[in-house]
Every structure is written in C-alpha cells, then in structure tokens.
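What follows is chain A paired twice: with chain B in the first complex and chain C in the second.
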Partner chain A sequence: MSDLLDFARGPALQVSVMIFIFGVLYRLISLFLTPKNFIASPARENVKGAFGAGVGEIVRRMIPDKEYMRKEMFAFLNGWAFHIGLAITVFGLAGHIMFFKKILGFGWWNLPSNFVMLAGVITLFSLIASLAHRLTDPVLRKLSTLDDYLSGGLTVLPVATGLLATMHLGLRYETLIAIHILSVCIFLIYFPFGKLMHAFLVFVTRAKTGVEMARKGVKL
Partner chain B sequence: MENNNPTPKPKDASKAVEKFLVSSASQLAPYLEACIHCGQCAHACHFYEVTQDPKYTPAYKLFPMTKAYRRSKNPLNWLGMIPTLEEDEIAEWQDLVFNGCTMCGRCTNVCPMGIDVAQIVGATRQALTAAGYYPEDLMAAAENVVQHGSPLKVSTSVLEDRLEWIADESETDIPLDKKGAEVMFTISSIELMKYPDSVGAMAKMLNAAGVNWTISTKGYESTNFGYLAGRPDIAKLGTSRLVNAAEELGVKELIIPECGHAYSVLRWNGANIMGRPLGFKVYHITEYLAKLKREGKLKFKSIETAFTYHDPCQISRRGGAADDARYLLEGFAPNFVEMKVTGNQNWCCGGGGGVQAMNKYRDMRINVFKIKAKQVEETGTNTMISACANCRLTMDESIAELKWGGKLDSLVEILADNLIED
Partner chain C sequence: MAKLFKNMFATSESTALTLGEELAQKGVSRRQILKFSSYVAALMALPASYSTAIAESLSKARRQSVIWLSFQECTGCTESITRSFSPSLEDLIFDFISLDYSEALMNVSGSAAEAARKQAMEENKGKYIVVVEGSIPLDKDGIYSVSGGHTNLDVLKEVAKDAMAIISMGTCASFGGIPAAHPNPTGAVGVHEIIKDKPIINVPGCPPIPEVMTGTIAFLLSLGKIPELDHLGRPKAFYGDNIHDRCYRRPFYERGEFANSFDDEGARKGYCLFNLGCKGPVTYNACATIKWNGGVSFPIQSGHGCLGCSEPGFWDKGSFYSPLSTPTSGLGKAAMGAAAVGTAGAVVASLVQRKRRENILKAAAVPKPTETKLGADDE
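And then the complex of A and B:
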C-alpha cells in the first residue's frame, strides 16, 4: 500500500506540480505576448494612474455594488464561503504547511486542526451547493459547459478525500492520504487548461477593466 | 459622397471567425479566457430582466467568439478536429449581439472577473457582419452614411436648410464653415430631424458664452452607425469626415451634441479608428457646458421643477462624464432628485447600440422602458431629463405606446430655456 503513497507523494506530485507551473506560465505569457494594437485616445485629465486603478479594481470587485448584491446574494456569500474555506484548508493545515515547507523552503504557523476541519466541511458543502445551483438555475444551466462541472468536481475531490483522511473514515489512513494526494495531482494537472485558471486571470481582467475605466474617468 | 465600402459578401460563417480573430487578438484575449460562467451578469442586463430568458445573459452573448478564440488557440486545431462555428449558431447569435445587446456595459459592473462584454459584442458584430449576418435595417442606416452622409439621409443641402430654419426659430446664429473658428460643433441627425429645438438650444448657449464656433458642411454627422453595424469601413468613413473637417478648420476643440454613442466612438475610440492621435480635443456637450459654467461664461436661472436625470450609458458608465451633468444641475435645479439606481449603475434606455434602429425589438424596448418608468416614479417626480437624443427617441416611443403619464426632456433645452443672457 505504501507503494501507492510513495507514487502519489513522489513522481505523481512532482509531475503534476511541473505541469501546473508550466501550464500556468504558458497561459499567462501567451496572453501577455498577444500583440496590442489599440491606439488609446488621451485619458481624461486628473484621473488615477494605471497602477492604482488596476490594483484598486482588483480589490473593489471583491464586493459587488449593493444594487447587484441583493439579487446575487447566494452566489456572493457562497462564493466567499468556499474561496475562504479553501484558502484556510489549503494554507492553514499543519500537514499542508509541511508540504509547502519542503518545496518552498519555508513554512508558517498552522491553524488549529479542528478549525481547519470545520473550514473544510463548510468548503465541501459550499462547493456542492454551487454545483447544485449550477444544475438547477436556468441561467447557469444555459452557460455551463463540461469545464464548469469538471472544475467543480475536481475541486470537490481533494476537499472530500482530505476530510476523510483527517477523520480516518472509510479506508486505511495511508490509502486515504494517497488518494487525497492523487486527487490534488489531477486538480493541478487540469488547473491551467480550464476555468480554474481564473484564480490568476482574475487579476489580469479586473486590472484591465480598472485601467480602462480610470482612463475614461468612470468612478465605480 | 465617396463610396468606398463594398456591400458585405454572401453568408460565410468561417469568414466571421477569421474576422473576429483579427479584431480580438489584441484587446480582448484576457476577457475571452476569463469567464467563469457564474451567471451574475444576468440580472444586470435589461433584456434578461424583462424576459427572464437565459439566452439574454450577457455571458451567453460571448459564446461564439469564445468558441472561435479557443479554436484558434487549441494546439490540435491544425488536425481539423476542433469544431467550427455552425451556421445555425451564428444565426442565433446574430439576434443576440445585434438586437439583444445595447452595448450599455452594465453587466461589466457586476462581473466578478470584470469582463467587458460590450466590447466583445462590438467585435462579434464586426465578425458576423463580415460574414453577411446582420440586421437589414441597421445596415441600411449605416449604408445611408456612405450614400447620403448620414443615417437619416441628412445631406449637405438638408443640413443647410434645417440649420437656417432652426436659427430663425430659435433666434440665434448658427455659423456654417466659419473660417478662423476655434471650436467645431457637430450634430446628430436624430436631433436635427426630430428634436431641432435641441440644436437651437446648444447654439444659443455657445453664442451666449462667446464661443467662436462653427458647424462644417464637410463633416457634421456625429452619430456613427458604421460602428454600431459592425462595419469598420463605414465607421472610419464617418470618423474621418469629422476629423478631416476639424483639422481643415484648424479647430482646437470638437463638440459632440446630445448623443451617447457618438461621444463614446469619437472620444474613446477615435484615435484607434483613425490609426493616429486626433489633432483636437473631443467633448460631449454636457462636458463642454460644464467647462463654460466653471469658467463663469454661462449662468442659469434656478428652476423649481422637480425632475430626475437618466444617465445615457455611453456618456456616464462608458464615457466617464456622469459628474458633469450633475455639476450643470448644481444651483440650477434645487429640486433635482437622483434615481435610486443612478450614475454609472443606471439602467439603459433599451435602444442604445443601434437597437433603436432595429424594428424587430420594438416591443422589447417598450418592455425595457417599464424599468425606467418605475425608477422615475420611485423618485416622486414625473419628469426625467437626459442628454442623448437616441435615449430620448427610444423612450419617447415607449412613452407614447404605454401612454405613460410622465415627461421626458432634454438637458440642453431645459438649460437654454433658463439661460441668463447679458
């Protein structure tokens, strides 16, 4: 059984991390290398500089205007719940921090494991709720493609297997950990090729729109 | 008039794709890669709001272009394994990107990724038009620009006649082709033919402020139906008429009248359309009047009437000039009330982006107006003013159809009526 764990921790993880890094770099670099042939008209006078505008928009769009929030309360709250939950789970668990320390050479303080577990449970339910919403809401059904379900499913798997492993439920602990790591590998391999990339692209598109709006003097 | 635009070729779907690739690769790539299909933009769009039909979700309007883009980037594309856009798909999206989007940009405000759907819709229109998929009535208006100088067939002689009559009616001067003028004023044919009082009002205020201005018979039409119809050749023709006329006169400033898209096209896209910076500054009339007011050259009597303001999308949300309209109202209209949802978040009139010129969506426009009517009623006033003749035309049509009890006025007319002349 430890063969599976060795495989997951060893070559599987190494290869998937490489694919993740190169894939993400490829997508970002190819995007930045796309030729820009737009000749901009002069900006409105006395407007914010591009850097401030870009960063400002990245932050500002974390909370929608109240006019829209009212109608999208579920999407807003649920979105925050699983993004924060995911961040706590990935970066707050002692076991994960050990892994990052191995790769990065440094670690950080971990959060209490019960707290991380609670965050994991919330994340899991919240992810499942978002998939259910996608399957039932007419707008989301119209928009959804295989990529959406795949991205959702591949995010659920590591969270679910991670929780099972922490709770020692179902199979032997070693087997559960191996399955957990393998599910992370699949997640990492898929990441650069689908909409999971939004975790990086969000900075690009928000900033781009922020810069354009600031140039025109549009204050949101 | 010069005629340098070939009539679009017969329908050819793959050409649409090609055309798109050229126009999107530069500006839109990040947007096309980033949509997370969260659907939050649906409620921001007036077409979705009044129909509750998911096909009007802004993100759905991006689909053909996203597909074409992904196809072009897919490494397996050369094997011929990646499906192309089918003709029936293109036909479905013709309706969505022409009739079903006013390019108002409201969806961008809510999008967590900040995707500018309106810009992509603009590129999609170009792509579909190049492949022969376009609404006939919108294209006819654009073709009129080539043949007759304006979408409403305002030729030079019609222009001269109308301006002479307007000058008489409003008892003011309207200088034509004046040598040595410092400012060139342009007209929207919608105003000239349907709201002539607006033209008279603007002339009166420019004269009162002592502006050395003129209208040019070589470039007068400020609307740009080529842009709206996805015809870059006609868009450029319209733009170059204005630019050449202004540069020939040697003016330092050019004023766009009460027309939203005219402002947005020349002010924010003019340099790109021409492929070079313009030799003069472009102002919307509200910006220009605000400048004159700031300089102390215009003064108005204050009025008691309570009213609210409808922000034209292309001037406020997409133009950045929302504050200037408010500045004009400061001290002038103490009973001015903002709508609950206003400024850069305002609801569109339903007829922008050329939708007003497309007969197919007449009923839709009238339904969209119900959002506006409710907004106005909530302010407790029954009058709304605006600064775009196209918004006005769209909403006047609905007001008449619905026999709505409220009133719609133009900002420049109401200001000119209360101008303090020395």
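And then the complex of A and C:
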C-alpha cells in the first residue's frame, strides 16, 4: 500500500469532505435566508398555486420545447445519458456505497460492478462529448466560462481514474485508487464554489422560476 | 531431531565437500537433487529447463552457511518456516544449508551459541547468508533489545559486514513491522534502513508463507544470485501479483456480490470480502496461489479478509475492517464541525445582509417586502 494511498484515504479525504460540507451548507442556507424581494406589482388573478407552478416547471424543463427539439436533441440525450450514468456510477458501486455509509451511517444495495463499469464508460464518453460540443458550438463557446470547463474537467477526472482503477489499467492498483480518491477530493473542494453546485440547486431554481412566471401570469 | 541438530551445526568438515559429493555419500541420488531443483524452479516460476541447471550448480556448490538472527520478533516466522512442505526446512537443513546459528532452533545457548556464530563467520567470510527475523530498535542506541550484552544493532552490523547477502524474513525485518507501529516506542526499523552495502532480499509477511521463505533461500543457494526484486525489494516471483487479481472470490467482486458481515448470507455463500475490509486489492503476496499449510487454504478462503501483512506499515492503515474505499480516519466529528461552521457562517452572513437591507429600505422609506421567499436565481 503506497504512501499516496494513505494520504488520499487520510488527510486529503478528511479535509475535502469538510470543505464540501461547509461550502454546500453555507451556500444553501445563505440562499434560503436571503431577504424577500420587494415586488410592488400585485400578482395576476387566477394563477396556479406556487407548488403546482414549481413542480410544473421542473417537469417542463426536463425535455426541450418542441420548437427547439431538433436543435437541442444532442444536448438533451447526452445530458440524460451522462446524468443517469453518473448517478449509477456514484451511487451503485459497492465501494462508493461503503464510503457513503461511513459518512452517513447507512448504505443501500449495490449494483454489479461490471454494470457500474459500463455506466461509467457511458458517463465518460458523454462528458467528453459535451465538452467537445461546448468547444465546437460557436454560441455555446461564447457563453462558456472557465467555471464550465473546470466543472466538466473535474468531473471527467474521477470517472476516468475510477474506470482505470476498476480495470487495473496502466499503474498498480494502489496508485490508481489513490489518484482516483485524490481526484474526488479536488472535485469535492471545488463543488460548492462553482457550477457543480447545480446538483443541489437545479430543482430549487427551476421551481423558483416556475413560481415567478406563474405569478406574472406567464403561460408555460 | 538429533540428526537435525547434528546437521544444523555441521560447519568446517561439511563445507570442505561439494554438495554433490556430500549428498552422494549420504545416498541421495541425482534424481532426488533434480526433484528438489524442480521444486525451486516451479516456485520461482522459472522455465522447466532451469531445474537441470539448478541441479548442476547445486552439485558443484559448497554447503551454504546460514546465520539466522532473531531481533524484535515473535518467532512467528520461524514457526512458519518449520511448516514448509516443498522444499521443507528439513530438506534445506539436512541437505543444502548449514544453519550455523539460530537462537530459536539450536540447542546450545549462551557463549557456546555465540562462539558457533563467530566460528561460522570466520570460516565463511564473505560467503555466508544472513537471515534476519525481527526489527531493529534504534532509539537510545538500540538498548531496547539486547542479547548477551550486545544490542541487535551491533550484532546486525557485525554479522552483515562479511555476509554474501541478507534475507529480511518477515515484515518486521523487512519494514519494521508491528514493533514499528505507531508510536514506535523503540524506534524499530527494517534491515535495509541500517545496512546499505549488501544485497538485501525482503520476504515480508506476518508471517511469510513457509514456501516463500524456503523458496527464496533455495533460489539463492541454487543459482547463487539474487532473484528479481520489486520496488520494495521482494522477490517478484512471489510478490509480483496482488491477491485480489489471483483471488478465487474475484468473480463475486465483478458481479457485485459481497459479504457485509461475517455471518450473513453473503459470507455463507463465500462472496467477496471487500466490504469487510479485505486489503487484497493493494497487497502483493502469493497467498492466493501457493496458499498455506501445503496449499490447503489461505485467510480469504477461511472467510477473513486479507490484512495486507506483506505491505509496509500494514498495522497503521486504519481498521482492518474498513473497506479500501473509505477514509482511514473517522469523518464524523470533522463532518459535524464543518456542518456547524457552515451553518453558523451562513446565518451570520444572512443576518448582516438583512440588517444592511433594512437600513437601505429605511433610508429610502420603501414599504417592507411581502412577496416571494427566495432570492436571485442561482442555477
């Protein structure tokens, strides 16, 4: 067992998990404690209830509008493939579940390792495809910031190194697993402070948009 | 046993003859030497043709003088080597080596034993093999382990000076082992941290597999050279593969079938022990192939995960029962602390923001807000 693995499983993981928890809670609680906005205009009459509007907007945004379906087909399919693959990879592998169990105090059933590996491969390719799309689409490229590339790159690393570790490719297993854990540490440290935070905020912000739109009487 | 001890301490007379001549005198046939040689070739994963070459070189060799030093140890390595099946310790002692000094196995003691060691060193200057069992304490000039008024450190330096090669037998001699576990009260270290000018072969394990010990000695005797070693100085033939790769439970790992406790359904079905802290994926040893007790079983086959005992510092790598994918240190308190600081920080920041906003609203004499709860979009 290498010293690198000891460092990764010890201080690196401890510090990165602490920063992750601190950052996520700080951002979420700050957001929910933000003072209410002053809105002088009265709400439209006979608008949807806030709950219905919020949930409706979350569901509506899961598929592109018909008008843009053709144009957005790649982003739509690739996005779903990536997110489902990532969820399977992160929450389905026995080793990962053991990690969550150590922190949360409870675990769940794992999926076959080979199946998770397949999901990991799909995730990796879809991530690379999305980064390539971002670089080649002129509009998307213009809209992209360093945060987008960092978020994508820091997600690619744990997936790629995890696959190498599972397949025992390239280096000795203890080195591969150490690099994998260290890449997860970097991901966790960056997570609360960039766009990766959308994992927690995506439904909140979409619901909020739905409520605002409903209040203004926008028909969606 | 009488024959064993007689042979163990045979030195000057026996070393005058070649092994071939000596074995012929005892009625040991060439076929038997070839058989032994084929054991060695097979153990070290050498081509079959090597067995003839080994037999030839063995026949021409002198009986090899071996000095076995015991330092900070539990004698588990000696216990283990006495259970070697092929080649057996008796094979080695009766036919191929002259075990000139071993505190655990020799029947003499005190100054007579020390005299035997010094005689062997004198008669085989530059040719004898030193086997070290146990770590060497360095703190307070090595006073923590003394024999016959000499510290282990002094004895090792004295004996190693004219040795042909050193075999560090067991994890203690190789890497410090359990005596070096945190906080390492005696300042225990492995041989390679003291002796820098001699070839050293590390044969770690707690204890090492008997056949790995005898096989390494036999290789040294037979071919007269150091076997190919890995980055930790271990013979690649025995420490080249990690246990996980050679484990018969590996298919269960691939299928995601694990034992989650030592008496659950998974454990009874013989599923993979990864979740119970098995260190097989990061441990390099021959347990899953050569096995123990003449190939009967090994820890994982007996239902317990690998402890990683052939790796440096295995004792200080966190719980034996923590899976490799989990942190070695407890995260509970750290996580709670981070959560408390994050929450408190957010509350304080929000209160400051509210106060500032109220002041602005007061100054502008604008009515208080009545609407939505959330602030700006943060997607």
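Note that the second predicted complex is superposed on the first by the 206 of 220 C-alpha atoms of A that agree within 3 Å, B and C clash if a C-alpha of one lies under 4 Å from a C-alpha of the other, contacts with A are read in each partner's own complex, and residues count from 1 in each chain.
The working rule: a contact is a pair of C-beta atoms (placed from the backbone, for glycine too) under 8 Å apart; a residue touches a chain by one contact, two chains touch by 3 or more.
Computed from a predicted structure; not experimentally measured.
By the touch criterion stated above, A:G79 is placed in contact with chain B alone, chain C being left untouched.
In the superposed model, A:L143 makes contact with chain B only, not with chain C.
Using the contact criterion defined above for the overlaid structures, shared-chain residue A:I186 touches neither chain B nor chain C, since it reaches no partner. Which of chain B and chain C touches more residues of chain A is settled by the count: it is C.
By the touch criterion stated above, A:K219 is placed in contact with chain B alone, chain C being left untouched. After overlaying the two complexes on the shared chain, residue contacts for A:I39 are found with chain B and with chain C alike.
Of the two partner chains, chain B and chain C are each touched by A:K208. Once the two complexes are laid over each other on the shared chain, residue contacts for A:L31 go to chain B and to chain C alike.
By the touch criterion defined above, A:A129 reaches neither chain B nor chain C. Touch criterion met: A:N114 reaches chain C, while chain B stays clear of it. Overlap of the chain B and chain C interfaces on chain A: residues 27, 30-31, 34-39, 197-198, 201-202, 204-206, 208-209, 212. Within the complex formed with chain C, the chain A residues making contact are 1-2, 5-6, 9-11, 13-14, 17-39, 43, 93-96, 98-99, 101-103, 110-116, 168, 172-174, 177, 181, 197-198, 201-202, 204-206, 208-209, 211-212, 215. For chain B in complex with chain A, the touching residues are 25-27, 29-31, 33-40, 42-44, 48, 54-55, 57, 59-60, 73, 108-116, 267-272, 274-278, 281-282, 316-323, 341, 344-345. The residues of chain A lying in touch with chain B in their complex are 27, 30-31, 34-42, 44, 47, 57, 61, 64-65, 67-68, 71-72, 75, 79, 137-145, 148, 195, 197-198, 201-202, 204-210, 212-213, 216-220.
Touching chain A in their complex are the following residues of chain C: 242, 244-245, 253-256, 258, 274-275, 279, 281-283, 308, 311-314, 317-318, 322-329, 331-332, 334-335, 337-339, 341-343, 345-347, 349-350, 353-354, 357, 361, 366-379.
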